[in-house]
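Labels for the chains are A, B, C, D, E and F, by order of writing; each one numbers its residues from 1.
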Amino acid sequence: MPVELSLIATTLDYEDDGKHFGHLLVPNSNNLSAWGTLMVPVACVKNGEGPTMLLIGGNHGDEYEGQISVLKLLQRLDPAEFRGRLIAIPALNLPAARADTRISPIDNGNMNRSFPGHPRGTITQRIAHYVWAELMPRADVVVDLHSGGHSLNFVPSAVMHELDDAGMMERTAAAVKAFGAPISLMLRELDPIGMLDTAAEDMGKLFISTELGGAAMVTPETISVTDRGLDNLLKHFEMLPGRPALPNTPTRMMNTPEGAFTMSRGNGLYEPVVDLGGEVKAGDLLGRVHFLEEPERAPVPYRATVSGVLYCRRVQGWTAPGDTLAVISADL
Amino acid sequence: MPVELSLIATTLDYEDDGKHFGHLLVPNSNNLSAWGTLMVPVACVKNGEGPTMLLIGGNHGDEYEGQISVLKLLQRLDPAEFRGRLIAIPALNLPAARADTRISPIDNGNMNRSFPGHPRGTITQRIAHYVWAELMPRADVVVDLHSGGHSLNFVPSAVMHELDDAGMMERTAAAVKAFGAPISLMLRELDPIGMLDTAAEDMGKLFISTELGGAAMVTPETISVTDRGLDNLLKHFEMLPGRPALPNTPTRMMNTPEGAFTMSRGNGLYEPVVDLGGEVKAGDLLGRVHFLEEPERAPVPYRATVSGVLYCRRVQGWTAPGDTLAVISADL
Amino acid sequence: MPVELSLIATTLDYEDDGKHFGHLLVPNSNNLSAWGTLMVPVACVKNGEGPTMLLIGGNHGDEYEGQISVLKLLQRLDPAEFRGRLIAIPALNLPAARADTRISPIDNGNMNRSFPGHPRGTITQRIAHYVWAELMPRADVVVDLHSGGHSLNFVPSAVMHELDDAGMMERTAAAVKAFGAPISLMLRELDPIGMLDTAAEDMGKLFISTELGGAAMVTPETISVTDRGLDNLLKHFEMLPGRPALPNTPTRMMNTPEGAFTMSRGNGLYEPVVDLGGEVKAGDLLGRVHFLEEPERAPVPYRATVSGVLYCRRVQGWTAPGDTLAVISADL
Amino acid sequence: MPVELSLIATTLDYEDDGKHFGHLLVPNSNNLSAWGTLMVPVACVKNGEGPTMLLIGGNHGDEYEGQISVLKLLQRLDPAEFRGRLIAIPALNLPAARADTRISPIDNGNMNRSFPGHPRGTITQRIAHYVWAELMPRADVVVDLHSGGHSLNFVPSAVMHELDDAGMMERTAAAVKAFGAPISLMLRELDPIGMLDTAAEDMGKLFISTELGGAAMVTPETISVTDRGLDNLLKHFEMLPGRPALPNTPTRMMNTPEGAFTMSRGNGLYEPVVDLGGEVKAGDLLGRVHFLEEPERAPVPYRATVSGVLYCRRVQGWTAPGDTLAVISADL
Amino acid sequence: MPVELSLIATTLDYEDDGKHFGHLLVPNSNNLSAWGTLMVPVACVKNGEGPTMLLIGGNHGDEYEGQISVLKLLQRLDPAEFRGRLIAIPALNLPAARADTRISPIDNGNMNRSFPGHPRGTITQRIAHYVWAELMPRADVVVDLHSGGHSLNFVPSAVMHELDDAGMMERTAAAVKAFGAPISLMLRELDPIGMLDTAAEDMGKLFISTELGGAAMVTPETISVTDRGLDNLLKHFEMLPGRPALPNTPTRMMNTPEGAFTMSRGNGLYEPVVDLGGEVKAGDLLGRVHFLEEPERAPVPYRATVSGVLYCRRVQGWTAPGDTLAVISADL
Amino acid sequence: MPVELSLIATTLDYEDDGKHFGHLLVPNSNNLSAWGTLMVPVACVKNGEGPTMLLIGGNHGDEYEGQISVLKLLQRLDPAEFRGRLIAIPALNLPAARADTRISPIDNGNMNRSFPGHPRGTITQRIAHYVWAELMPRADVVVDLHSGGHSLNFVPSAVMHELDDAGMMERTAAAVKAFGAPISLMLRELDPIGMLDTAAEDMGKLFISTELGGAAMVTPETISVTDRGLDNLLKHFEMLPGRPALPNTPTRMMNTPEGAFTMSRGNGLYEPVVDLGGEVKAGDLLGRVHFLEEPERAPVPYRATVSGVLYCRRVQGWTAPGDTLAVISADL
C-alpha cells in the first residue's frame, strides 16, 4: 500500500507561468456530505528563473495579519514584473480561520504541532502532510506568518531559530533583517517537534516565521509592517525588482532569555501595568491578578525576572493558572 | 402570590457603616446541584451622610475595565475618608465573566436587554430584577461600566443619553465631564428597551455609562482612564475629598450622527486602514473586506459617509454580513 | 414604552416601483458580534395597480422547493410585464436554512409556531412579528411554501383551510386549484395557534400554503410543480398576463379523514411497503418497524385505518415512538 | 383563541373501570421529526366508588425511587381488590429520566418550577399544564415522589407543608404518618412558586411529597420504604383493604429550623464526617472542603449551627460555591 | 503483549448449526458506565457443507436498505433449507445507526475508512479489527451493503472493483450480475485504503458492495431490489435452492468515466434538473446553484462533462463548496 | 528527534529533603490560551533513607476517596517523623476531577487505558507518559487509589493481581493485607493493556490498587478505610513508625470467579434487591430491570450465577444494554 501518497489533489499546475488561483481538494467525508471535499485556496505566481518561495498564512486560524497580507500580495503581484515562483496559501488551517479559532473545529488539530503530518490522518494532519510532501520540496524559502491570536499580543516581529548550520543562519538572519519588523527575534525552540518550522529546516530550507500582532485583530500598523515585510522579502530574494524598504527605526535583534516567560498562577482578572513594547527592568511590576469572586482579597503582583522589552502579553482580562501573561525579550 | 418579590437574598446589610463584602445568593437549581446557588459578589462602603452611588461592572462578561477598576476601588477605599454610600457589583453577569463571554452561558441572557427583569425568570432576568427592585431605588447615581468586549474596540469614553429633563441632562453632563475620558458621548438610543440605562433613567436616577476600550482586554491606558474616572466621579459627588483630576487634553463632547455606523455586507477578513481615534472625512476609505475563500476576487472597500473620529471598530479579522465594522463620532 | 414597534429595519421601500432587492435588518447581539445584525433577504416587485402578494419560502429551514422557486421567480420577473406588488422573502427562517434544519439554531424557534411573534422576543419571534406587523397588513394574498423537510415526504400539494367565511373559502379554493398541484388538500387544523396561516387568516387575508415534496431535497418534478404553481397564482390574480397552465391530470381535491395519521410506537427501522401517492384500503399494510437491536424479534406491522392515498410518509429509516409514519388523504 | 386548552391528548379514558395503560401525546416538532410526539406513559386503575389519587414519579428525572415503586405498584395492583381510582405517571419528566438528569434535556425545564404551566409553552410547561388542568381537578389526593437525584442524598422521608387550613393539615399529617418513612418532615417552603406542591394545595387537594434517598440510585432499603409507603397510603385512604403496615421504629416528626442549611463557599472536594441520619449538635464538625488544586492549603471546616439529625448531604466529592452541603432536621 | 488479540468477545459460536442470534461485546468504558459494553447484534445461520458468506449492513449508520434487508433475511431464513454458513451483522456501526448518522457519534469514526482497524483503538477501529481478524478469515464471500445516506441518492446498484486477478474478477462479476440491480457498477477506487472492501479483497475474498438508494430513507422499490439481491446471491452461491430471479430489465454494466464527478463550488441551494437515472449528454445542464443570501445574483449552472446516466445526486437543498452534486455512469 | 523525552516540566526537585508542593507543567495550547499550561499539583515528602512510594489519586476524575485521603495525608505528614520518599499526585486526571467525570473533558482520555502514554500524544497520554518515564522508575512501591465513580459502587477493598513472580506476589499480598480494607481482592485482569497497574508491574514495582466506594461520593466510612489504609501502608514499608492498625473484622481474601459479572440486557430502571456487601447464593435474585416506557411490561429478573458477596453494583437507576449491574466476589 503506497501510504506515503497524499490523497489531496490540486487544481493548479505549479509549473505553469503566470498568476493562477486554485484549490487543494481535501477529502472530507462527514455526516452532511458523504463524498465531501474541503477546498483550501492556493495560488501560484511564476515567471522566468528564480527561487521558489512557499508563503503560508493562517497556520493558526485566528492570526490575521498573514492571511490579509497574502491576499493583498496576490492581488497586486504582476507576473511580468516578478521572477521565480511564489506558492501561497492564505489560510492553511481554513476551517479554523472560518471559525475564528486557533485550532481546527473539525478535528481539534493544532496545525503547527501536526508536521510532517500523515496522508491518512485527520484533516489537519493531511493538510500538513501535503505541505510537507508536495510543496516544501519545491521551495527554496519557506515563510510562515503568525500573530498572537485571541489570547496573545506581540510587538510585530520576524522570527528565526538558532541553527547549527552557520551559513544557513547567516542567510536567514539577512532575510529576517530585510523583513524590517520592529523586532527580529532569535529563538532556540524548546519544543520544536511537530512545527512547520522544524519540518522546513530539517528539509534544508531557508525558513522565516513572524509574530505580527494579536488579539485576533489587525491594525493599520501591523498590516503595514506585514505588507512591507513581504515586499522586502521578495526584493531581498530578487523576486521583485528594487531593494527592501527599511523603516527609519532599525529592527532590533533580540532573544528571549531564561526567565522571560511569566505564567499565571491563579483564576482572576489580569491587569497589565506595562505597555506592549515598553522597557522593563528585573523586579519591575508587570501586572496584577485581581480576584473577581473574592473582592476582599488583595490582588497578586507579577514582577519581571529579567530586563528587556515587553514583547508579548496576554489579551483576555480573564486568566487561569498556566496562562502566559508576559514574555520579555532582550537585545542580543 | 407576591410575584414581585425577588428570590435573591444577600449577606449584606446596606445600612451598615464601614466597608463590607458579601454576596447576592441567586437560586440556581441544575443537574449538578439540585439546591445550588449562584453567589455574585457585592460590596458596600458607607460613612456618614451623602449620596448613594450604585456602581456596576461586568454587565457584559467580556468587558474588563469596569470589573478591574471596581475591584481596585474597593481595595483602596477607606471608609473614614468617604462620605455617603457606594454599592458596587464588580461583575453583574458573573457567569459570563467567568466564561469570558458577552452573554450568560447559563441562559444565553444579555443582561443589558433584560431590565427590569423578572423575579421568577431566568438567572439573568432574576439578577436584573434584583438590581431594579432592590438596589436602584436606594441609589442617587447609577454608573454602569461598559467596554467593547471581544468584537468591538472603542476610544475610551463616558456616555450619557439625551434626556427630556433639561435639569437632569445638565447634571448628568457635568458628571460625564468630570469623569474625564478622552471622549464624552451624547447618545439618543434607538433601542433603549431592556437596558439598565433606561431602567435607571425611568426611575429618575442620574445615570452614566461608558465605553472604555475593548478586544476583551485592558491596557494600562484604558485602566488608567477608568481608575481616574471613578475617583473623579466620587469627588464630583463629594463622596471623596478633593476635586476631579482632569487630563491635559480636555474631553471632547461628541455624538454619533446619522450615517455613523458602517456594517459588513460580506463574509471575509476585515482590514481597517484608519486607526482607532483617527480623523476621517466623508468618503475616506475606512477599510476593506478581503475574500479568504476567493483570493482572486478583489476586496470590497468600505468608506465613511460622515466626517468625524473613528470612535469604534470591529476587532476580529473574520467578519460576516451585519457585523458593525466602524462607528464615527462627531464633535457637538 | 412603544413595545409594539418592531426593531427590525429594512433597506427596501415597499412603495417603490420596479424590482428591488434588500434586507430585513434584525438586531442580533451575540458573543461574536456585540452589535451584530442578521440580514434576511427580501425583494419587492411593483408595477401599476393590482393586488399585493406576500410570498414566503423557508418558514422551515430544510424545506427547499419554496426557497428555490421564489429565487427563480425573482430572477425571471420583469416588472414591465407585471401588475400589482410582490413582496417575497426566499428564506424567512434564514439561520435554519443555512443550517439545513427545521428550526432556528440561534434560538430553537419553530417559526410556524411563533406568530404573531413579539418585537422584543427571540430572533425567530422578532422576524415573525415583523411579518405580522409590517408585511401582512400590506398584503391581499399570503402564500407560504412548505415541504416535508428532513423527516417527511409529501405528494406535492397546495393546502387550504376550512374557513367559516364561505366567500373567502370559495376564493381560496379557486386559487388553490389554479396552483395546479397533483393534490389540493382541504384541512381543518387541530392546532392552528402560532401558525403564519392563522395569523394571515385572522387578518382577513386570502391564504394558501403547500406541501411540495420533502426529504430535505428537491426533484425536477417538485420544482416544476412549484414553479408552475407560482406562475399560475400570479396569473390567477392577474398579476401576470395569461391564464394558469394546468397539468393534464387535474388536481385532486382531498382531505385527511379521522384516522389518517399513523404514529410509530417503537424504536426501530421503518420499512414502508406503499409508494408515496399509492392507493391504500383500510386494513392494508403500510409498513413495518424492524428491531435493529433485537434481530430475533419479529417486526411490527402498521396498517391503514382508512382508505385513500398515501399522502405523506416518514423519511429516515430510524424511527422512535411518536414519529408520524404515514398520513392518508381521501377524496372529498 | 381558546389558549387555555391543552394540546396534549391521551389514549386513556380516565372513567374506564379496570387497569389500563396509555400515553400522554405531547406534540414535539423538532429537526428529527417534523410531526413528532413525545409519548409519556400514564396508567389508570379504577374500581367502584372511592377517592382518586394522582400519583407522580420522575418529576425530576434522576430521582428513581418513585419511578420504580410506581411501576411495581402498577404491576401488582389487582383492580378487583381496589376501590376508587389511581391515575399514575411513572416519569412525569420522561425526557429527563431517559437522560438521567434533573431537568429536561429538551428545554432545560425544571418541572417542579413550571406549574401551573402553559398549554403553548415549552414541552415541560405543557406537561405541567396538562397535569394542572386535566388531572389535578380529578384528584382528591396528590402524591409526588421525590428523592435527592445526582447531587443530594436524604434520609427517606415523607414531606408535608405547614398549611393555613388546620383541618387539611391534620388530614395531611395523618396520611404522612401512615406512609411510615423514618422521618416525616413538616416544611414551610420559602419559594413555593412554580411547584407541583403549591399547584395542588392551591386547588385544595390533600398533597404529600417525599425525599426518599438520592445519589441518582436506589437501594433495597429506600425502595422498601417507598413500596410500603405507597401501600400504606392506599390503605389509609381505603383504596386497598387492610391497615397501614408501620415499621417498628416509628416515624420521627421533624422540621428544618433556621440555620439548617449549610452552603459551600469554595471550589474543592467535600469530605463529610457525619453519616446521613447521624445526630449532630450545634458546633459539631459536619465536614471539610479540601483544595485539590492547592494541596498545601489547609482544608476549610464546616460546622453545624443547629442541633438535630443530618437529614441531607451533598453527594459528589467535587463542590463549588453555593452548593448545599448539609441540611439538618430537628424534632418537632 | 499480545496486542493483536481483539478485546471483543461474542456470545455466538460460529460453528453451531442452526439459526442463532447473539452480540459482539465491545468494551466501552465511559462517564455513564465505567464498566460498560457496546452490544452489537450478530447472527449466524449454518447448515451442512457450503460456503461462508459474511453479510454486513450499517457500515455507515444512515444507510438503511442493507440494515432492513439483513433483518428481513434473518427472520425468513430456515436453516433446514439452507446450506453453508451466513454470518450477518445488521448494523456494523450500531452507534451511528442509532443516531441516524454516517459516522459514529462515540468517536467520529468512519467505519469504512477504519480497516483493518486496531484491537486497542477507538470503538470504531476495534469493531473493524474484529471483523478483519475474526470474521473475514472465516468467509468465502463478503457482502457489504451501502446506500447514499443523508447526503447522496443513487440508482440502486451492485458494485465491484476492477481486480488484478482475472479469475476472481470473473467470479465477482457473475455474482454482481446475479444480484440483479438496475445498474452493476465496475469501479477502480482512487482511495481504497481503509475500506472494508480493500481489506476483504486483500485477504483474497470474493467481495461485493452496493449503493442501493439514499436520502437516509428506503422505498418499497429499493428494499425490493435489496431483498431480491440477497436471495439471488444466496442462490448463486447455492446456499439457497433455486436460481436467481432476475428482473425483466437486465442489469446495466457501467463504470464511472473520467469527469464523472461534479463538485459544488459555492454556498447556495442546489436545484437538479435531471432525474436520478436520467440520460445525459456531455454539455447538458445538470442543475443550478442559487444564492439564497443574494437573490439578485444569477444562479450558477453545472453541466455534464461526460455522457451517460445520472447515477448519483446530492440530496439536501443546501450545498457548500466541495460537495458532490452529481455522478454520471457510462455503459461499459 | 529525541521523541522519548517528556515535554512536561515540574517545579519540584524530587531529591530535596522536606515536604514540598509543586506542579507538573503540561503544555496545553488551545483556543483560549495559545501558550497555555495545565498545572497538575504534585508533592514530595522526603527524609533520610528508605523506599520511594508513588501515590496516585484521581486516575479517574470522579473517584474521590483517593483524592481526599492523599490531600489529608500531605497535610498531616511531618517529614521529621518520616523515612524514605513519598511522591504524591492527588488528581492525576485533574481536568476530569474538576469536571466530576471519569475521563478527561479535554481529550476524552481514559487515563487508566493510556499507559505507557506518549510524550507528544494527547494531554492524557502525556501525563501518563510522564508518570511512566519520570516517576515510576524512581518508585519501589506504586499505589493507585480507585473507587467506583458515578456508575459503580464497591465494598471498600484493596486490590492486587495474580502475578507470575511468586515472591513479588507474596510481598504484594502482605501489603494489601496491611492496608486493612474489608475486602482484599485478588484479580487476574482480562484486559490489562494500557493500565497504570500493568505499566508498574511490568517495570517490576510492587503495585497496589483499590476500589474504595463509589457513586462519585465519599462517606465517613470509606474515607476512614482509606486514611487508615494509607497510614498502614506507610507503616508496613517502615516509612512511618509503628505497626499497621488493623480493624477488628479481618480483611477477607476474595477473588471474582467465572460468572461473577452480571450485565444489563435492556433499557430501563435497575432495582437491586441485595445490599452491597450482602451474601448471595447462585440463583438468588440480584435485581430487576423495570420498563419505564412500557409500564405494562413485566420487569426482567437478574439472578446470581455464582455464590459469594455482592462486591459491586451499578449506581444510577437508569440502565442500558451492556452496563455492569453486579459483580460477585468469592472467598479464596
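Keep in mind that, in the parts below, contacts are C-beta pairs under 8 Å (C-beta built on N, C-alpha and C of every residue); 3 or more make two chains touch, one makes a residue touch a chain.
Because the structure is a prediction, the values reported are computed rather than measured.
Counting hops only between chains that touch, chain D reaches chain E in a minimum of 2. The chains that touch chain A as well as chain F are E. By residue number, over half of the contacts seen at A-F repeat in one listed pair from E-F, A-B or D-F, namely E-F.
When every chain is reduced to the mean of its CA atoms, the largest separation from chain C belongs to F. Centre-to-centre separation of chain B and chain D, using mean CA positions: 43 Å. A straight line joining the Cα centres of chain C and chain E is 35 Å long.
Chain geometry summary: the mean Cα position of chain B and that of chain E are 58 Å apart. Chain D has residues 32, 39, 62, 100, 150, 293, 316, 321 in contact with two or more other chains.
Inter-chain contacts, as defined above, occur between A-B, A-E, A-F, B-C, B-D, C-D, C-E, D-F, E-F.
By the touch criterion stated above, chain C contacts chain D in their complex at residues 60, 62, 101-103, 110, 113, 148-152, 191, 193-194, 261, 263, 265, 314, 316, 320-324. Those residues of chain F lying in contact with chain A across their complex are 1, 3, 7, 25, 27-39, 120.
Partner chain F is touched in their complex by these residues of chain D: 21, 39, 41, 43, 58, 62, 64, 67-68, 70-72, 74-75, 90-91, 94, 97-98, 100, 150, 153, 215-221, 223, 269, 271-275, 290-296, 298-299, 314-318.
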